[in-house]
């Protein structure tokens, strides 16, 4: 019988780190054996070091793990999940990859590197082919795989579901993003109570660029960005979890709302990503009610991994408009990284421990 | 010395009705002498009948006014403000107009009528010329003037400021609207706490059509709708007052964000509307900070009558994108109607009582 | 093999009714076969009739149930759960009891009746003995069992855990109550955003009286109210689920916070109520952190059935002060009624269908 | 004609500092001429250095003031207002007092010193007599005057209004406190959205002790604490401004709610404090509605300086219970300190500049 693969979470005390810890509890393939944190927390027990902010309780097993430094010498796991801040990720993730670990990272640090995939298994599992070049060029035995920005995630799933059939040409995306996306302590309550902040630093450029890479074609070990223009507005709203995107889409040729709905309903993850533990079931849910999706009611659809779409209707300006909801710390962050790791395992990048 | 003109508020106990009452307190030209309400409240004192929801206290003077029926026989004022629900407005406002009153209405009932102006004094004061035809055709000695939907308001001000110089061709508008826009009790707290509702009944079609009428040209007693395509997404968010619109704009020819900013800063109300008691001072404020305007911080700019704009930047899809904030129950409702009434007075439609 | 007992929910479309429906899904003993609603909804499918407000999705099985009248002729179940408004409950629940049904009611209508128990299985299962007299006196073959007001619930659990050992003499309870306690649409968002409402109609008197009945001694078929004085302040706060009570307690003799903590930790449900499907596991959790319990973090402890206590400390005025949290629509309403029904079944009041 | 007295605000960039700046704008007696801040902000213009969080706009005049070090050599004003954090206040305020300045401090650092008054002009203006001893003992030509903790403020006003007539013996106070009380960034939005935090570090002990000092009798240059036992529970709730206290009170002898109401209505500030620019008009407002006071509706009563009371009713445990509301950053912080300074001026501690 196979044993579970030992894994670590880097930056485990922050809000995304906590989500990794919560989702890895009782994971069928992975066993969380190490957590790392900032200087302030190193040496403490995780239960003491961490100001837990999730509504789901902290798993028993992790409470007594010591918080380690984010150093491959301290953390000896073939697979590490990174919830590090971008600057720290830039510096530390390569050291883990060099030491042989596969790093599934939620940080944005390496997303724009040509040899690092931004991976959504239900969208572009083939991009994992970049890893070969990444390892050769950089001399790593491990590798870095990133998941996209939390807002790009649900948006890219929808774009991909429509891309093959209709060809998406232009898209306008206005996000209403949850406070958990800013980490902890993150957004001050004085800034968001009875308020909207129509700005999130660095967010719009990610939303305008990342989907183009994810929908891009792999050609000779390189990704050609999809020929698609996106304009993004990012807003922070008083919601705990669940990012909403209001999107207007233009296709190669006029497409009806009904055709869009059918394409979304018909969409399935590619064969390789279809039966993994974290595969969203289904990938996309389309709600018929006039006022859905809503973060509070729909964010946990498919255990928080499903992309929920609603209000598919004619757009007087482009072709079709609709509303997308995705759980930002599950599908859009920790859950997405874990799903990426499952894809790595299923494709043979990571050996099962103790396998004959 | 002139005495103030006696005015009434129809539907005075609702949330917009309360805003009328609050703004009319100590108005230099108008004196609130009558309030009307639904059957349930008729006969009570306003102070008893009304569940006051504004942070500003109920004016002393109005507390003892009896709540009357919305009937011109009961309410004898040359000027009435209507905060009636649309169905009631459809039925009752014409009776007041017929009886000789000028009705400044916040209801949507008559906005689509060709002979009824949707009036923003800083945008289209000339449309008041429709009243002549309206009175003739309908045989009224009074008339009905409407203000636009609360979300259309700030959006139309911005469009108008750019229209003359650049010619707006296409616009995408995504709103994040305050709960006060839905009246009282309006939005259930269970629906909006930790949530966004990506839908407001009937709102998007208003936002797509009303600005075209307001920016339209008056020609032979008729308005030709402006040649402008708008696509709208409406969202309800957990904000008390202040509607945000994220807008992407396309002009006749490419325009830079700097040029847009200059045009907005240079914009002034037309001569006729420039020195009225409710004229916004200034009409438009442009904020330079990356994260403004915000409802909590900016809604009271210019006593809630100013349109606040920020984040003017290049749009990769259309030409320019920006964020607009307008106080929905002041500029976008009661304050707007009062401003309309001031325009009527200044143009001689309403005689000063006791004037020589 | 036993089949599940067929049950109905009266008033199933409201917010407590929805919680019944959600908690009965996949219940090991009960099968939801009928739902009732108001005139407006009778005849529709539940999925259409109901504006679902819970974050947990509506169970598949119930979506197609027709909404029936709340009439024993229409609803033929040996066990019915009542989420009816109090006035309706007063009128309709006796008709079901007369027709032979056991009514587990969340309504307050019959709580003050001497022959109707207010039942918390982990507190006073013996009070079920009142049913005999109730049936005889009223000539019913069924019976009515009530659960307490949502705020009384957690408070009574704590009082009972301390009563036997220390004797509680006086208690002050200040509640901070969730909006879901007011049903749907319930609290207007304009009333609670950026606000506290220091008043809930009828609530304080329930909190001052119900625990005295629940902690009362059964003597000759009657309950002698516990000799205990309670003073209550009720507040509504912007929380979705989870009622907080700040309590100061005085005992027969001075008691230390440590002793109170030990008594709470040691408390178990009486033997008869200890192994039922909804028995809270454990009955009481004591948190050590200085800032717990908190509604968002702790309401789902023990699947929402556990009473969570924290901040046990000396009180300069009475003896000990502490903070209590209880999930108001689970332990404090629907979950509590279901737990009551399980007690009825385990004590033989309700026969298993198809049992040999 | 007298010129306004030049004043400085220490710690002017924080949230209480901002409130000082906002309230001092256009003050009839004081002219804000200097602001200080932390190392990070020294040397910048106030407009740049400060992340303004108030809904009222930043006064024009202050935007261009340079942020100075909190050093009496840099800041030469006869009167300084301190919004410093407690640790900094402990160190810096004495240096200003030694240099001859009167320091009106919102910090808690010196409140427990026997020779430093905790001053509410409408409660205990006579305590200003402590200053003489303070100056002698410490060799200061200036002095330090503190205002109480924001939650103690409204509570102490009510206690004082009842003390003379009835003698308050015991009081239980449960607070529901606004987020602005924690400064900026202060409370994380993740901690308070859809939540209550039943704990505020250090708050309960202040609420249990400070009113005893403020209500204490001055005897031979010393204050004898009032013989009064208070028990406090402190909670943080999702409210921007306005602290609510639910209080149960016991008097020397039983007192009726009506008598309490009369005493509160009759209460006036002592003669010396009655006609100052910031004197609350009136000191106490009693609301008759069953559900008031509420933070959103009542916090600005009397320009935020009035204490609002409601729900005066019998208490089954002590004698009377009621609800108190006070604006925590106005009456409970900056506004209170300014009122204290006005008292100092009116009593001759601070000479008018340029007075003949």
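The letters A, B, C and D name the chains in turn, as written, and every chain counts its residues from 1.
By our rule, contacts are C-beta pairs under 8 Å (C-beta built on N, C-alpha and C of every residue); 3 or more make two chains touch, one makes a residue touch a chain.
Small disclaimer: the values here were computed from a predicted structure and weren't measured.
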| item | value |
| --- | --- |
| Chain of greatest Cα-centre distance to subunit D | A |
| Mean-CA-position distance for subunit D and subunit A (Å) | 48 |
| Centre-of-Cα separation between subunit D and subunit B, whole angstrom | 40 |
| CA centroid of subunit C to CA centroid of subunit D, Å | 43 |
| Multi-partner residues of subunit C (each touching 2 or more other chains) | 53, 193-194, 238-240, 296-297 |
| Chain contact graph, described as a line, ring, star, complete graph or other shape | complete |
| In the complex with subunit D, residue positions of subunit C that touch it | 170-172, 174, 176, 193-199, 201, 208, 229-231, 233, 235, 237-240, 244, 246, 248, 290-297, 310-311, 315-318, 321, 323 |
| Complex contacts: residues of subunit B adjacent to subunit C | 15, 53, 179-180, 184-194, 238-240 |
| Subunit D - residues contacting subunit B, complex | 52-57, 193-194, 240, 296-297, 299-301 |
